[in-house]
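The chains carry the letters A, B, C and D, assigned in the order they are written, with residues numbered from 1 in each.
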Amino acid sequence: MKGWMGKFRVLFILGSTALVLSGCGLENLTALDPKGYGAQVSLDLIILSIVIMVFVFLVVMVIYTFVFFRFRQKKGQEDVIPKQVEGNKVLEVIWTVIPIILLLILAVPTVTATFDLAEGQPEGSDLLNVNVTGNQYWWNFSYDDLDVQTSQDLYIPTGERVYIDMKSSDVIHSFWLPSISGKMDVNPENENTMFIEAQEEGVYWGKCAELCGPSHSLMDFRVVAVSPDEFDQWVTDMKNVDPEAEPETASAQEGKQLFSDKGCISCHALGSSPTAIGPNLTSFGSRTKFAGILDPTKENLVDWIMDPESIKPGNKMTGNYKEVTEEEASKIADYLLQLEPSEITPEDAESE
Amino acid sequence: MSTAIAQKQGFGAILWDYLTTVDHKKIAHLYLFGGGFFFIIGGLEAMIIRIQLIKPANDFVSAGFYNELLTMHGTTMIFFAAMPFIFALMNAVVPLQIGARDVAFPFLNALGFWLFLAGGLILNASWLLGGAPDAGWTAYAPLSTTSPGHGVDFYVLGLQISGAGTLIGGINFLVTIVNMRAPGMTYMRMPLFTWTIFVTSALILFAFPALTVGLFLMMFDRLFGSAFFNPDMGGNTIIWEHLFWIFGHPEVYILILPAFGVFSEVIPTFSKKRLFGYTAMVFATVLIGFLGFMVWAHHMFTVGLGPAANAIFAVATMAIAVPTGVKIFNWLFTMWGGSIRVTTAMLWALGFIPTFTLGGMTGVMLASAVADYQYQDSYFVVAHFHYVIVGGVIFGIFASLHYWWPKMFGKMLNEKLGKLTFWTFFIGFHLTFFIQHFLGLMGMPRRTWTYLPGQGLDNGNLISTIGAFLMAFGVIVFFYNVVYTAIKGEKVSNDPWDGRTLEWTIASPPPHYNFKQIPLVRGLDALWVEKMEGNKNLMPSEPLDDIHMPNSSILPFVMSLGLFIASFGFIYQVDDLRWLIVLIGGMLITFGAMFVRSVKDDHGHHIHKEDLEKGDGL
Amino acid sequence: MSDHTLNPEKMPHNPEKATLEGKNKFLAFWFFLGGETVLFASLFGTYLALKGSTNGGPAAEEIFELELVFVMTMLLLTSSLTSVYAMYHMKNNNFGKMQLWLGVTVLLGIGFLSFEIYEFTNYITNEDFTFRTSAFGSAFYTLVGFHGGHVTFGLLWIITLMIRNAKRGLNLYNAPKFYIASLYWHFIDVVWVFIFTVVYLMGKVG
Amino acid sequence: MVSNSNSSSEYNRKKNKEEMKQQLITFTLMIVFTLIAFSMVIFEFDKLYVIPVLLILAVVQVIFQLYYFMHMKNKDHEMPAFMFYGGLTVATITILTLSVITWW
């Protein structure tokens, strides 16, 4: 489908630049400005279907406008009785056959693309595999082959397919990365697989697209696409993390103590230990957002620790740790903010 | 129990008359006002949703409450506004169009209405009793099965009971149309509206049982501890999705086909031309109905059914565009060469054609499975289904109400107010929903309580909310029109629109026996045929004789009341087993009424020839 | 309608379809059965999707007892024949014999139902296999239970009809009622044929 | 007139009897099929072979029920047959779906 799609694409790029300039969504979030393979395939089909459909719509509207102005009852014609036409077989055949042809033009690339995007991982390839777990209301990413765990921010290398195996720990979620790949549901009883492939570096927005509870709209995540070298660096750094490492500042040291005293540690894992009840905090200091939606400032983090319910209603953190004062929360925040085990951070992806 | 008696007596008598009526015309009134009531509730919910989304990071309503609103908006609008409106039209028009004195089962007809009302009240009672359902109108498990509180229980029982009513109604109209057509009305002489109701009723018959089972399974899971949708015990949530959509997709056609039927009556009447390609239209209707059962999995493209299933359902879905396109072109060519009068009803039809074409366009776009990976569960889908359901069904209902109001109530809705309603609603509608296509593609998921600033979604949502207010204004004007007409409207003759079908041959509103003598039908557009031959009315097919009519009965109301009561027993027995008493009591009322019905003979009554000759009716 | 039109001296050949009400009932009931087909299909589909999900509880091949199912099948099949006999006598306008054969049908139905109740109690008490054991358990009891519910309703329906009309005999008003009750009874048998095949026999085969 | 209606009812009686005979044969066949089905399972025939045969036997039995016991073979049953087959179509795709594209 690529060859003849090219012409449409040129047309569309001209048109879409105009649209983007006039505000067609946020870069790295909108599906209209694809940065990944799946999103590109989807957009090609979207454009093709729009072109066909706009053609149909124009035909309808031309007839409609003509009929309306030409045959509207005029003064003095109230008693005119038009000829009662039964129908016309030729016309019926025409408007049955032409749509069928138009639909076939759309159906063939649709079927091809459906099988293309469903392609599994080739046998014996060493492509990256990530296990994605959807939880109310956060995402866990586990690189099982690499022995690395992370939450909320998914790091991937650019230019290669990353296979993600998705499963939910509670209700159905849907993993949606508009600018990279479209979406797939995350079901509780079976594993769904899709691949994502980012073509350029960047921090891409992801969202949960299946209603999953009160904070469904706040279940955002991000994909950090970095160059393969940077990715390898990141993996090495993450592997060498020492979860027990002492922080440097006194406040952060106290924070570390509070982190275990207040019961945080019973839900949140550090390092590569497998998924716990809450997000893995190994590289918390480098997070693009806190709790998926808050700008990464200390103030926001303190607010979150003090009262998560007011920020993400229905989350599972509320009420599951001992009460903290603002001062204690600030110390815990200091501890968490210095958890930056890797030099590779989202800024590397964005600065490119 | 006739209108004559009711008019002489007070409010109590009228109320009793409506509680016991089995007259299809009065049941149509009941459906219309029942549907109107729930339409207002669903509309208010929609307005709160739009106010919440007017700006980013808004907290006009809380997240939990928002989920209740969106669930109730969807459920109410589909099951308790659109469906009863369709049933109101069926009841008001079909027996008249086929030249029958009533439906095949007048008693069941009343039962269908009261079950619908009981279901709607149960569902909405949840607002007052600790929270509405909050898992979306699709109620995907396990979110729905694990949802705390009793909200989803109200959803399950409300839909189950109203669904039973719908099923009864569907069978009733199938039999009515098959068995009770006037002499000479062959299948290929049936008005297209009756045809669409026939196909719709068949869809109801085959689609609703799947929902019934789905709801039973969910009820067992929530109230009796079974494990159908509980993955921890081997359950499987996809079963719910399949059962829901095996019902859910035909449901969309159940709603839209009658609207197609309405336009197929309105457009010929106001173009003064017979429907272009009647045979093709009938065939297209049947084909749409049939294909409606083959495509449900296009709601599940992202579920992970695999590429083969996705490809098959994608192609099958696209196929539906063909008969739908046939219909659009046949409507256009009905107008071609006609003499178009732009009344309010016709205005809605004229507004419908481009709007629905857009909705159909996005429908085909959605059918392309891979493109759907982007649209699915985004605002693009929200825009699409509002284009077809509002732009198709609601436009159709507005058109039909303006068209048949004089027949139903004997008074003409005010045309000026009608046109004001149309223009505000039409513009408001496009303002609200057109922009949502783009919001979806720009990354706004469906059912989202709020969105963050700086994602490029602010302006679109603001425009959308402004449009919603305009739509609300249009609806308010319509309700004002209804009240205005009731008080000041002019009485109309039998045939105010220069109609073509049988319902325009009798008085407006019709006497309760409809036809003094059953007419003899001599062609498609039976009245038009006679008009062209210079006859004022149809020839009777029978001599004037006693007319056999069914008796009114309170039993349908009592049966529904019993189920209404029993539902609360079902819901609350989880908390306290003493509620089982309520459950059993309610069921006893229902079964008792059924028992009375089956052992008490009811042969109906006769209106005597002499009374008919006096022209009085009773 | 006057008594005369309902009790003509000569019964027509098909008394169940002699009046418009009868024709309507006949057609509506067939349509209803069309809908019931989808209802049971949904239950069968659910059962097939979940029959392997035993969640550590008993599986199909471990618990089903074919002897019992065979007896139940024979009872229900025979009751289908006896209700055919009843309709045969209805068409010959022999009310007494119709009542007799309906009575036999009811007895066979009660027999079937008793065995089913025994079967369920046996599973629950001796095999520890309940509605809540596993998804398989839920699906099994729901499918077979829905059928059992239909049997119960059918029995109550036929008994009510028999008692109500015992004194006044057959007429054009109640003939359609008897006829559709017997249709319902046959449909119950149709469903059972699939239950014993799909649930029990195929469950035993594995 | 009287004798005429008598002879027609005589004719009907005969026809009913004829039909009853067919129904008895149907019943016998159904019993035989049931016996075959049960014994195939009890004597543990090969699974690959048993399941399709079981299903065919069930379908044939149901056809007997529908066409003979429920009279679908008689005239005036076009509409019932049409709607029943409508239901059967939806039923088939429902079962097919739930047993094929649900996981596994």
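By definition in this document, a residue touches a chain if its C-beta (ideal position, glycine included) is under 8 Å from a C-beta of that chain, and two chains touch if they have at least 3 such contacts.
Labels paired with UniProt names: A = Cytochrome c oxidase subunit 2; B = Cytochrome c oxidase subunit 1; C = Cytochrome (Ubi)quinol oxidase subunit III; D = Cytochrome c oxidase subunit IVB.
The structure presented is a predicted model; accordingly, all values stated were derived computationally and were not measured.
Asks: Could you compare the number of C-beta pairs in contact for B-D with that for B-C and name the larger?
Replies: It is B-C, judged by the count of C-beta pairs in contact.
Asks: For which chain is the distance between its Cα centroid and the global protein Cα centroid smallest?
Replies: When every chain is reduced to its C-alpha mean, the one closest to the whole-protein mean is B.
Asks: Rounded to a whole Å, what is the gap between the Cα centroids of chain B and chain D?
Replies: Between these chains, centre-to-centre, one finds 37 Å.
Asks: Nearest whole angstrom, what separates the Cα centre of chain B from the Cα centre of chain C?
Replies: 33
Asks: Please tell me the distance, in whole Å, between the geometric centres of chain C and chain D computed from their C-alpha atoms.
Replies: Distance between chain centres, rounded to whole Å: 15 Å.
Asks: Report the inter-chain centroid distance for chain A and chain C in whole angstrom, where each centroid is the mean of the CA atoms.
Replies: Centre separation, chain A to chain C: 52 Å.
Asks: Which positions in chain A are in touch with at least two other chains?
Replies: Counting only residues that touch two or more other chains, chain A contributes 189-190.
Asks: Among the residues of chain B, which are close enough to touch at least two other chains?
Replies: 174, 178, 205-207, 210, 235-236, 238-239, 242, 246, 306
Asks: Can you pull out the residues of chain D that are in contact with at least two other chains?
Replies: Each of 79, 83, 86-87, 90, 94, 97-98, 102-103 in chain D touches at least two other chains.
Asks: Please name which positions on chain B make contact with chain D in the complex.
Replies: Per the touch definition, chain B meets chain D at residues 174, 178, 202, 205-207, 210, 236, 238-239, 242, 246, 293-294, 297, 305-306, 309.
Asks: In the complex, go through chain C and note every residue touching chain D.
Replies: 10, 13, 17, 26-27, 30-31, 33-38, 40-42, 44-46, 48-49, 66, 70, 73-74, 77, 80-81, 84-85, 88, 91-92, 183, 186-187, 189-190, 193-194, 196-198, 201-202, 204-206
Asks: In their complex, what parts of chain B are in touch with chain C?
Replies: Going by the criterion above, the answer is residues 104-105, 167, 171-172, 174-175, 178-180, 205-210, 212-214, 216-217, 220-221, 224-228, 230, 233-236, 239, 242-243, 246, 548, 595, 598-599, 601, 603-604.
Asks: In the complex of these two chains, what residues of chain D are touching chain C?
Replies: 5, 9, 12-13, 16, 19-20, 23-24, 27, 30-31, 34, 37-38, 40-42, 47, 50-51, 54-55, 57-58, 61-62, 65-66, 69-70, 76-77, 79-80, 83-84, 86-88, 90-92, 94-95, 97-99, 102
Asks: Note which residues of chain B are touching chain A in the complex, please.
Replies: Those in contact with chain A are residues 62-64, 66-67, 134-136, 140, 142-143, 146, 231, 235-238, 271-274, 276-280, 302-304, 306-307, 310-311, 314-315, 318-319, 321-322, 325-326, 328-330, 332-333, 335-342, 350, 353-354, 357-358, 361-362, 364-365, 367-371, 373-374, 376-378, 438, 441-443, 445-452, 454-457, 459, 532.
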